[in-house]
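Below are two complexes that have chain A in common, paired first with chain B and then with chain C.
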Partner chain A sequence: MSDIRLSLTLYALSAEYTTGRFTLEDCLRKAAQMGYTGIEMVASQMVPEYPYPSRAWMDHFKELLAKYDLHPVCYSAYIDMGTHADRDLSEAEIVESTRADLEYASYMGFDIVRTQHAISPKIYRQMLPYAAKVGVPLTIEMHHPHNPTVPVWQEYLRIMKEEPEYSGVVPDFSIFAEHPHKLEKIQAVEDFGCRPEMVEEITARHTAGDSEEEMLQGDYTVPEKNYVKELFETYGDGHAHLEWLNEVLPYTRYIHGKFWYLDEDEIDRTIPCDKLLPLIKKAGYSGYMASEYEGHHFSETLNSCEQLQRWVNMSRRILASC
Partner chain B sequence: MAQFQSYNKLLISAEEGIENYGLNGKILGWQFRCQYPSYRGTYLSCIHSMEVYLDGERVPDGDILFYLNGKEFLLSEFPDLYKEYWFILDKAVVRVQKDGGLPAGSSHRLLVKMKHLIPYTGYFGNYLVLDGSNEKMLTVAEKEEAVL
Partner chain C sequence: MFDQYMVRKDSLENVTEGGRTTGFRMGVRIADYRGCFLPLHNGYYLEVDGVFYPREQQKFAINGKAPRSFAEISKAVWEHWDFDAEGMLYVEKEGGLAPGEHVVRIQQSVLASYGYMPMQEEWVKNPPVPGGGAGSGKTHVVCEYHLMLKEEN
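Here is the complex of A and B:
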């Protein structure tokens, strides 16, 4: 029996937060008002003393969660491999930052830590006993351009199969994206100088199944050819590999419901949620699924809460009818 | 190429604009405020370059002082600052040393370019390096800021 609950990653409110329109408390209040029962926090975004949150700040954060009756679902951690100008992080540094993230997450009561693929299979396996010690599973996000067929992910999935207690994957819907969204098309025109009619033509040809090679031979400008390349990089041939769900769902502890833009009709034309959500429900997934609005990378003026509400309505509609 | 694009507007804070700063009645230069152009903060070591242009003219890096976390930095120090985190809501003060500053009430075209590395995006071994830029027309405030 599936029990899918909706959480909000506060990252979805980045436009309001970074410009000072929303404080952290405003973000939490909005989450509660929109009906979410859980939240995800990107520590490097919300913690003023990052990467070393003070006990005072963490206590304040816990009080805010209690005030708005929100459950701390996911503490999002990073493997900032490129921090040093002249070298990648050493194994010792990755271990240290992951250990610290697990401790902070445990103190604040989060269900899981979400880290990144760059942790490496060797260090991931090495850290799982520590995750058990502090009582917080250490999960890895699977995000485009990665997918279950990438060699490093075959290793991660094997580790998750062998040591399931404190491991897990967080699939991000970006791995299922099929078509460009409206904000991307606007950006191609307004920021990169593509002709609007050519953006429409290229998008239609991609959907119709024309190859990248054929399209790059077309009579397009340099920015338009870049748009062609971007479509193939981000959306492949325009058909989501729904079968990838079967490979990740046995180890899934949390889901990133990524989206960029929904129109008033509340249909996602980029990510096939109408196919994904019934499969997730049918597989019996129980846990939180985050609304991860990411249109803020393209426009900081759209109303993020309106976008979130549309996505929540869509998800509830699909889940109720399957 | 498309991700992060809309955050570039954070590079120049329109709220404070350009202000002169000084000490004991003498104006020592002008300044503006700057947020890191992303959804999350970063380490100063990930900023490869920051270029400031006033009315089309490049300000020499050596004239620039960068104030953050209660400290003062030279742009040339950035590669070493891997423990200096720039929180996304913190506005750094960028000062340009210039005797007399800029005439109060005058308008200027300020352009800031930042080349910065996203430290976590090594999906297949390559880091994403972004060329952010933002330009704003700003009026020099009457107010004279004290030395920090």
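Here is the complex of A and C:
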């Protein structure tokens, strides 16, 4: 029996937070008001003195969670390999920073830590006993351009199969994106100088199945050809590989419901949620699925809460009807 | 992305040391969505009124410390620039800027990773010169600001 709960990654409110319209507490209050029961936090965005937050701040944060009755689901961490100007992080440094993330996440009560594939299969396996010790699973996000067919991911999925207790994957819906969204098309015109009618034509040709090679031979300007390349890089041939779900769901501890823009009709035309959510439910997934609004990468003036509400309505509608 | 929030619009002012005006400075925030360790901050592409100011003429002040060159910043391993914190970009220019409005064209370079893609592996080996978009987060363009120089007290 599937039990899908909706959480909010506070990153979805980046525009409000960055521009000072919302404080951290405002983000939490809004999450609760919109009906979310859990939250995710990008630690290096909102945690003061990250990666080593003070006890006082963490206690304050726990009080805020209690005040708004929100469950801390996911503490999102990064591995910045370029932290030294002249070399990659060493294994010891990756282990140390991941240990810190696990410990602080544990203190704040988060269910999981989400790290990135840069951790390497070797260190990931090495960290799992430590995750078990602090009682916080260490998960890795699978984000476009990665997918289950990428060799390093086949290694990760094998480790997750062999050592399931404190491992797991966080699939991001970007891996299922099929078509460009409205904000991307606006950006192509306003920021990159593409002709609006050509953006529409290129988008329609991509949807109709024309090849990248054919389209690059078209009578397009350089920015328009870049737009062609961008479409194929981000959306492939315009058909999501829904079968990838079967490969990741057995190890999925959390889901990033990525989206960029929904119109008033509350339909996602970029990511086929109408197909994905029934498959996830049918597979029996139980856990949180985050609303991960990312339209702020394209425009910081859109109302993120309105977008989030549309996504929540869409998700509830789909889940209720399947 | 947050390109209109990178430079604080009322922050441009001349810098005076020992009675001599040696340059100018402005308040800057991270143009991407999260904080970073300092060595990932790789400097700025900067033009003011059509004059290019290379990284060698730039210094950066953060975390209550005196301005440091980007060569020094690259060695400040594990010192974090919190996302909320404003840093100060110092630029050497004998005599500073003239009073009035200035056109500032700027692109920030922060070589943070999402995962570890081949492009980012290349950044570790060969740090890019700011301005080509590397490390500019989702701000693909060089941002243009029209800023009034603060009057000296």
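We take it that the second predicted complex is superposed on the first by the 322 of 322 C-alpha atoms of A that agree within 3 Å, B and C clash if a C-alpha of one lies under 4 Å from a C-alpha of the other, contacts with A are read in each partner's own complex, and residues count from 1 in each chain.
Going forward, a residue touches a chain if its C-beta (ideal position, glycine included) is under 8 Å from a C-beta of that chain, and two chains touch if they have at least 3 such contacts.
The model shown is predicted, which means the values in this text are computed figures rather than measured ones.
Once the two complexes are overlaid through chain A, chain B and chain C clash, as defined at the top of the document.
Look at A:45: by the touch rule set out above, it reaches both chain B and chain C. Contact with chain C, but none with chain B, is seen for A:87 once the two complexes are overlaid on the shared chain.
Using the contact criterion defined above for the overlaid structures, shared-chain residue A:230 touches chain B, although it does not reach chain C. Of the two partner chains, chain B is the only one that A:184 touches; chain C does not reach it. Judged by the touch definition given at the top, the superposed model places A:158 against neither chain B nor chain C.
Residues common to the contacts of chain A with chain B and with chain C across the two structures: 11, 14-15, 18-19, 42, 44-45, 48, 50-51, 78-86, 88, 116-118, 145-146, 191-192, 296-298, 300.
For chain C in complex with chain A, the residues that touch the partner chain are 1-2, 4-5, 29, 33-37, 39-40, 74-75, 77-78, 80, 82-84, 111-117, 120-121, 123-124, 127, 138, 140-141. The touching residues of chain B, when paired with chain A in their complex, are 1-7, 9-10, 35, 39-41, 43, 45-46, 79-80, 82, 85, 87-90, 117-124, 127.
Remark: chain A residues 11, 14-15, 18-19, 42, 44-46, 48-51, 78-88, 116-118, 143, 145-146, 191-192, 296-298, 300 touch chain C in the complex.
Residue ranges on chain A touching chain B, taken from their complex, read 11, 14-15, 17-20, 42, 44-45, 47-48, 50-51, 78-86, 88, 116-118, 145-146, 184, 187-188, 191-192, 226, 230, 296-300.
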